[in-house]
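Got some structures for you, see below.
Next come two complexes, and both contain chain A; in the first it sits with chain B, in the second with chain C.
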Partner chain A sequence: MMEIRFHGRGGQGAVTAAELMAQAAILDGKYAQAFPNFGPERRGAPVTAFLRVSDQPIYLREKIESPDTVVVLDPTLIDLVNVADGLKPGGMLVMNLAASGRGALAKYGDQFQVAVVDASRIAVETIGIPVTNTAILGSLIKACGITSLKTMEGPMERRFGRLAAKNLLALQRAFEETEVLAAPAAPSPADAPVVQEPCTYAELLQREALLVWDQLQIGCDIDRPGSTAAFHTGNWRSAGRPFIDRDKCISCGFCHVYCPDLAMNFTDDGAIEWDHRYCKGCGICAEECPKGAISMREESHEQ
Partner chain B sequence: MEAAIDTQKISMKNLPAFEALASGHRACQGCGEVLAMRLAMKALGERIIVVSATGCMEVITTPYPQTSWLVPWMHVAFENASAVGSGVAGALLALARKGRLAGGDTKIVIMGGDGGTSDIGMQSLSGALERGHDFVYLCFDNEAYMNTGIQRSSATPRCAWTTTCPLGEEHPGKQEAKKDLVGIVEKHHIPYLATATPAYPFDLMNKVRRGAQVKGPAFIHVLAPCPTGWRIPTQEVIKVARLAVQTRDYPLYEVVNGKYILGKPGKNPKPVAEYLKAQGRFKHLSENDLAAMQQEVDERFAQLQWLASRP
Partner chain C sequence: MSNRVGIEVSIAVAEAVGLCDVDVVAAYPITPQTHIVEHLADLVAEGKLNAEYIAVESEHSAISAVMGASATGGRAFTATASQGLALMHEILFAVSSLRLPVVMAVANRAVSAPINIWADLSDVMPQRDTGWVQLFAENGQEAYDLMVQAFRLAEDHRVLLPVMVNLDGFTLSHMIEPITMMERNEVRRFLPPIEPARLLDPDHPRSIGPFGAQDVYTEAKMQQEMALLRSQEVMEEIWQDFEAQFGRRYHAVESYRTGDAEVVLVTMGAVSETARAAVDEMRAQGIAVGLVRIRMWRPLPQEELRQALEGAKVVAVLDRMLTPGGTGGPVGEALRSIFYDAPVRPRIYEVVAGLGGREINRRTFKEIVRQALAGQEQVRQFTFLDVRCA
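Now for the complex of A and B:
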């Protein structure tokens, strides 16, 4: 049995990717199951989905703790979550990374096999939007087999209708452009999977992970009001951030009133200040600014 | 005794600085519901106890062991938020009678989504309204079960797509009409009832504040646009909610002691198609469907005008 975990952001289609692959494996005569992690996961937030494929019926119904393969749809997740958590030594990491981002692989190279592809660029060039869930499946097929490009056609056509052709092209191109890096030396059996260390309460607050059952307090009391403030949702932004044109801004406060994340606030002297720690990049402020003083631009844009 | 709720009318000039929520909550990008909740809490101020039914707002504000809340807040099941709220209101009365509650008045705020209000929490809400406890009920209606992945609720409008009313050939989208929750609540003859949306933030805040000032139950129904479930770009959330009002699909009004007060209706309403076509969940609608929807909206609005014209 092969167990695969997908890392993406809510809305990027990680769950769809797992489902499409499961449908293709079933068409190949195998047994498969695909399901999302159940939890408070939202558009833009880091999410996981799971896929099991086997030649035998699968009776397991729990989420995958130690996968054989991990698929990463969004390169910004590498700094955010431990994508290799529980990955078996010598397991496969399928990563969406631009050529310029390969430096991030150094920490994985000697423990795992790595397949890398610039799926974001392929998706933009074929589908027109940076949604990488179909492209990354091409890489997964190149790296691990499981099914064939041909078998993927049926499930993709059913799922995407007239958009299937573009998505199949993304799949094909990712298959061709995926680079499988040299496998590490055979791991010794003593190598344990990477497990997260226990952490302090302050560290816990900054994580997405919830407590496990034996750490819960009776009644689930929380005696730290406003403690989510330690969790910075700013890293959910994936499509730019607001920039305020100080010449146009009249500090009217509408961006402050309309911000769902309290990321546009008045300073003591009455000016509007953007809070990079919490802004999720929804763009409401730019849309609603009565003076057109706010524009959404790439993070690297110089003001 | 010090009153719980400030009586001043809210405008941009005297916007309360108070926030009941901290940042770092896990709402989707561009969430209209958490925005509506934030504004409502701003209007209510810190002398409140919040009882919340299960739903998006519970899940995103309290990923245990963290919480965004800066006021006393309690999560209970889908079906019993109003019952628990009634209990808290009763407990406050008992403590005050025994002289064990110092520091003035406290308002009970009960909140739920459309699922927690018009589906699962309906009977406990009805009971609490009938018994007449002193509370404000905030219903944040995003027109489906968004938290669990966009399943239809009784508040989902006719024709809308959800994952449990998909676009079949025979039955494209939901076939049934949206439950008239506000109408049902109105028949309980409570002192204050209003509809609001975060696209009109000061209207929303002032209605919440007026509701909180009355003695007895007040009910605020808030149309809370959901970019994830309505299939709209995150930056257009406010625009779409505004279109709901401008097209008269979601008229803003109050019912004060049985008297309907219609918000300024605007002389030239936009066609409802503008509101519907802005959303992916309605993109399958044909011209015939749109005409039928327009007729439905016109009839509902005419009925509302008739109600508002009664002395």
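Now for the complex of A and C:
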């Protein structure tokens, strides 16, 4: 059995990627499971999805704790979450990274195999938007097999209809352009680690639970007013940021009213100001602006 | 100075709530609870009780309104029965989980269908697992006293949980009987003004009832469970204080003539008085029979029940609710569970009877004891005692 964890951002299609791959594996006659990390849907937030593929029936309904393979759809996640958490020694990391970002791989190279592809560029060039889920599947097939590009056609056609051709092209190109970096030396059988749980059950509970039961506020209250302010939803931003054309802006406040995170605010002199800490890059402000004064553009990390 | 009067139990219950200086009453009338909230509405309208009476459009709104009132620091009361309690079901969990000290009287009544307004426990038993403290009154005096004790228990900072006081519909709620009434100053001495542990206050903002994912939910339930278990010892303390001030003593479990009893009846609610009379008559005939009454049903006083029943050969349980498709009724199940691991286990003879107000009288208890002592066989671990089969 192969266990795979996908890291993406809400809306990038990590769940869909796992699902498509599972459908293909099932078409191949294998057994597979695809499932999200069940929880609130949050566009732009870091999310995980899971995939199991096996030649035998799968009798497990648990999250994947120690994956054989990790797939990363969004390069900015590397700085936000430990994508290699629990990854088996010598396991495979499939990364979407531009050529310029490959320095980030150094910390993984001596423990894991790495397959790398610039899936964002491929997605923009084939599909027209930086949604990388279908491209990264091409890399995963290159790195791990699991299924064939051919088998992927059926599930992709059912899922994407007239957009399937573009997505299949992204899949094909990523397969061709993926570079599998030299693997660390495989451990000899004598050195093979004894199969053991990654931590004790008590340690597992400490990871699962925020607080000891008697340290919770009565009734699970939150006693710090405005604590949501500390929750920087701007971390979730992946699809560009709003730019305001001050010559067109009439300070009507539509963007302020419609913004789900109060990231568009009035300054003291009545102008509209953008707050990068909370903007998820959803683009509702640009959509609602009656003067077309707001446009969504790509941002660089320096901003 | 005794103030003993003949009064309808519902009216007395309302008077007790009035003496507790409640701030908010929100209720929707439903038989057989109506007299309780009607009288409270009268007290407010006549200026005898300085409270906000909210006439809501349903029981779902009634419990929601008192939950909100309690969150803002008020002492809040509601009452209901039957379908009304069922309609509250969803909110009952929220009140206990948010640790709000609401008090509610339930005039126990069957649930539909067929439509039936008379007493049994099939309204309250499905609420067993909502996390409320659940007390059952045997007579008018007890229903009256329990109301005052309930507020003190609910508001105790070691507890902070809602309390449900159950009284059988009609056979208790609508009886005229002698009740020794309390004076307002006496009640104030026993029940201090509410001191909310925390409250919704714009000057000190906090969130009550936020989202709680997998990483806190279990711990929140544990905290709630520990408070519910703790409520039993706090209740004992309150009952001691109550006895010191008013001279009436209460226990979580009451035993009657069980010392040498071969068979012990187990009952809840107002039928227990009839059961006691039946025990006396059977004792006069030489039958070694006793009675155990459960006053506190949640938290379940497991140790007290085990001690009260361990000497018996047969425990004869009357459940006034059928658990459809199950093993009888909730009390029988609980007792089997308590004794499963005990070194000496009494036989448990379980009877479901008295549904929808079907008469429970001394003959009923004598028949239960006769069957229990005869070792009559039970199918699916219970006997549907009073169903007409031929």
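One rule holds for everything that comes next: the second predicted complex is superposed on the first by the 226 of 303 C-alpha atoms of A that agree within 3 Å, B and C clash if a C-alpha of one lies under 4 Å from a C-alpha of the other, contacts with A are read in each partner's own complex, and residues count from 1 in each chain.
Note that a residue touches a chain if its C-beta (ideal position, glycine included) is under 8 Å from a C-beta of that chain, and two chains touch if they have at least 3 such contacts.
Worth saying up front: this structure is predicted, and the values here are computed from it rather than measured.
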Touching partner for A:P260 - first (chain B), second (chain C), both, neither: first
Partner chain in contact with A:G281 - chain B first, chain C second, else both or neither: first
Contacts of A:W236 with chain B and chain C, given as first, second, both or neither: first
Which of chain B and chain C A:A98 touches, first, second, both or neither: neither
Partner chain in contact with A:M1 - chain B first, chain C second, else both or neither: neither
Residue contacts on chain A - larger count, chain B or chain C: B
Which superposed partner A:G219 touches (first chain B, second chain C, both, neither): second
First, second, both or neither for A:G10, with chain B first and chain C second: first
Shared chain A contacts, counted only where both chain B and chain C touch the same residue: 208, 210-211, 216-217, 220, 222, 224-226
Chain B to chain A touching residues, read off their complex: 12, 15, 19, 21-32, 34-35, 38-39, 59-71, 147, 198, 201, 227-228, 233-239
Touching residues (chain side chain A, partner chain C) in the complex: 39, 208-214, 216-226
Chain C residues touching chain A - in the complex, by the definition given at the top: 97-100, 160, 197-198, 204-210, 212-216, 218-220, 222-223, 226
Residues on chain A engaged by chain B in the complex (per definition of touch): 10-11, 40-45, 201, 204-205, 208, 210-211, 216-217, 220, 222, 224-233, 236, 252-254, 257-263, 275, 277-278, 280-284, 286-288, 296
